[in-house]
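My questions will all concern the structure given below.
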């Protein structure tokens, strides 16, 4: 059905961050005591690995759940798959991908441990395919594990989840979590750090950094340096993150993927009129009629919005990305969607 | 006596709006098609205005006098009958001005007999009004129509063939003005003009939403 | 740092292409056609183009002040002003171009709400209205390869255009190669097919216009004119004469593809192109006027929301396909698949936000 849904390929802008190795902030690591300190890594049992993940307190950065819970609850039957998430399809963000480039040995060890705990039939690493601006070729193998390049248009991460085998036959684990598991097994180190991409055109030295959980955004930006005062600071992804106003009070967590500082804001000032080119319609991954919905949302006609399936909108922001008139289409529709839900709740009550 | 005159003056004041700010064509949008297609010069405009006067006033008076007593089924039909019958005196009156102006307007005077005022307005409003109010309503509706029709017809005749009421004044410069689509465009611009004048006298009741301040 | 921070909605990176670059592409693509006009008719064509641009911009600025439009000024009036003279003969009087510009901007564009809200193609309506007013001037074409005076009454030699010959049922006495190169009388921008097609391909490669509209218009039109020729002779000759006379190629590339008045989706664009081909052919086959294309375009502009609605109905089926399939299978376990997936993604976004809040 590509006649209706074309999707978009984003400019990835990953270059300086992915070539440079991860910058580790100076800090004191915490260690834990376990009942089997002398056990060789090759001989660890599945229960012991889960115990390690529990003791180290590892949080999976791809969905924010505890790793030991995921490992324990997953019940892979025949033909089960373990997928290591290093997709990173948003521009600038490359914290998961850089582990596959710069810390291959440790990551391979972590994946091996996960594999031992879950015993899947197939294990592979998922990575985004359409990255054109990187100077070197991205790895095809990490250790003995194959890297599967996931193609497709933005949002690729969502589409990747859609293509997963149905049911409980597969588990997705973030690559940072796998790395932390390897560290816990080798050095009995607790997970006190997180991997964050600091980028944007206002950053002097854009890199992937490893900082303690709870570092403020201001400190992160100080670490990487600023060329000029940014107008917008974004926490989260470049497509779905949110702008912040108090960088000194904003703390990063395990699921924070990036901090982006931009010189110039897109909002504010006069905008062009919508010229009806229809690019937003084709960019929408859910095949919604975005241009019509935007008009209805601006005039508050929520009953008609329902007719256009506005509830299916996932808020990926692809429409705003392609809009040549720089209209905040996604924000308008998400706001209307929230209002619709509120009205529905009021009707129910 | 004084009360009666007060009442009359109030009724006249009420219906006075039909002349300009509640103009039947430009603001209410009643008989746009007939005007845009039929009113191509001043004579046609005059014929249409006279016909409208002869149709609207009797129908509204008729409706206010015996509208309530008529059964529902034949009500609308009888209004139409009255309005169609009034075409005959209109034809003879127009013939008094000039022999051909009623015919040159084509089918459009006859189409006025089945327009909105005889069919809907008389049904909905005129039945509940007093006779005098219905009379004044009809007169001012017709006057408002006449104002629009004469201005439109005059402008189209002057720009299209350079004459007024058949007397040559200058060379016609823009013959396309006589086409129906230019009639619609001119009516649209006149309506926009009335809106602009009204905006000067009245403050806008609603505020246009300002998108830039309502960001999520 | 804190004082300068501003709020910005979700996608924080944007495409580099904007309305300004799209319209700039259009202007760049129209300039070579003016060069060809200069080659065939002299400097008067350039002055006509400047006149059209100046008055279109002037009228749209006046309209902006009157209507109190708040949007940024864009290059769309420049494009309208460049297209209108190209549809007319090179010795057209200036007042006709100016009145076409006035109709295009003050009647078609500004009252409907400016750029992006016009119901009809402004250039097409402007041209059609002056063609109705002064048909004897607008359809009287000078022979090419002669310099026309910049000011004053034109004394250029007059020749019959191929479109006129076709309209009265005669075979045009011009070579097909001449028609491709543009050395036949006709509208001053639309005769040099090679240059027009090259500019159109430039626009398609830049993805400013969608290739579907011109292709879905030109292919059915070619087939129709080959199967139902208006003149005697081989179908190939009839096809060439029909396709290369008048404003068919120019209109298909520069007027039919105008984003505002064409449908939004590719499928809708395909439908619009197909139906416009049929309507243009009917206009030229049965109509007496040479301006079949502009009239048909105005007629088809009205239907573009209808084509959008047709697409919307197909898409509704596509969006709910899983639910529909499940309801046919009567297997209720498979039914909530779509919703589960949506929830998963939303959950992901929400958890991200929550974490960020923490």
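When the chains are written out, they are named A, B and C in that same order, and each has its own residue count from 1.
The rule we apply is simple: a contact is a pair of C-beta atoms (placed from the backbone, for glycine too) under 8 Å apart; a residue touches a chain by one contact, two chains touch by 3 or more.
None of these values were measured; they are calculated from a predicted model.
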item	value
Chains most often in contact, by C-beta pairs	A-C
By mean Cα position, the chain sitting nearest the middle	C
Subunit A and subunit B: spacing of chain centres that average the CA atoms, whole Å	66
Length of the line joining the C-alpha centres of subunit B and subunit C, rounded to whole Å	39
Numbers and ranges of subunit A residues touching at least 2 other chains	267-268, 328, 331, 334
Residues within subunit B bordering two or more other chains	215-216
Interface hub residues of subunit C, defined as touching at least two other chains	7, 9
Residue numbers on subunit A that touch subunit C, as the complex places them	1, 3-4, 10-11, 13, 63-64, 91-92, 158, 161-162, 218, 226, 229-247, 251, 253-256, 260, 262, 265-268, 270-278, 281-282, 286-289, 291-292, 308-309, 312, 314-315, 317-318, 320-326, 328, 330-331, 334
Residue ranges of subunit C in contact with subunit A within the complex	1-2, 4-22, 70-72, 74, 76, 114-117, 259-267, 308, 311-312, 314-316, 318-320, 341-342, 344-346, 348-349, 351-353, 355-356, 358
Subunit C residues within the subunit B interface of the complex	7, 9, 99, 107, 111, 129-130, 132-133
Residues of subunit B touching subunit C in the complex	174-176, 179, 182, 185, 188-189, 192, 215-216
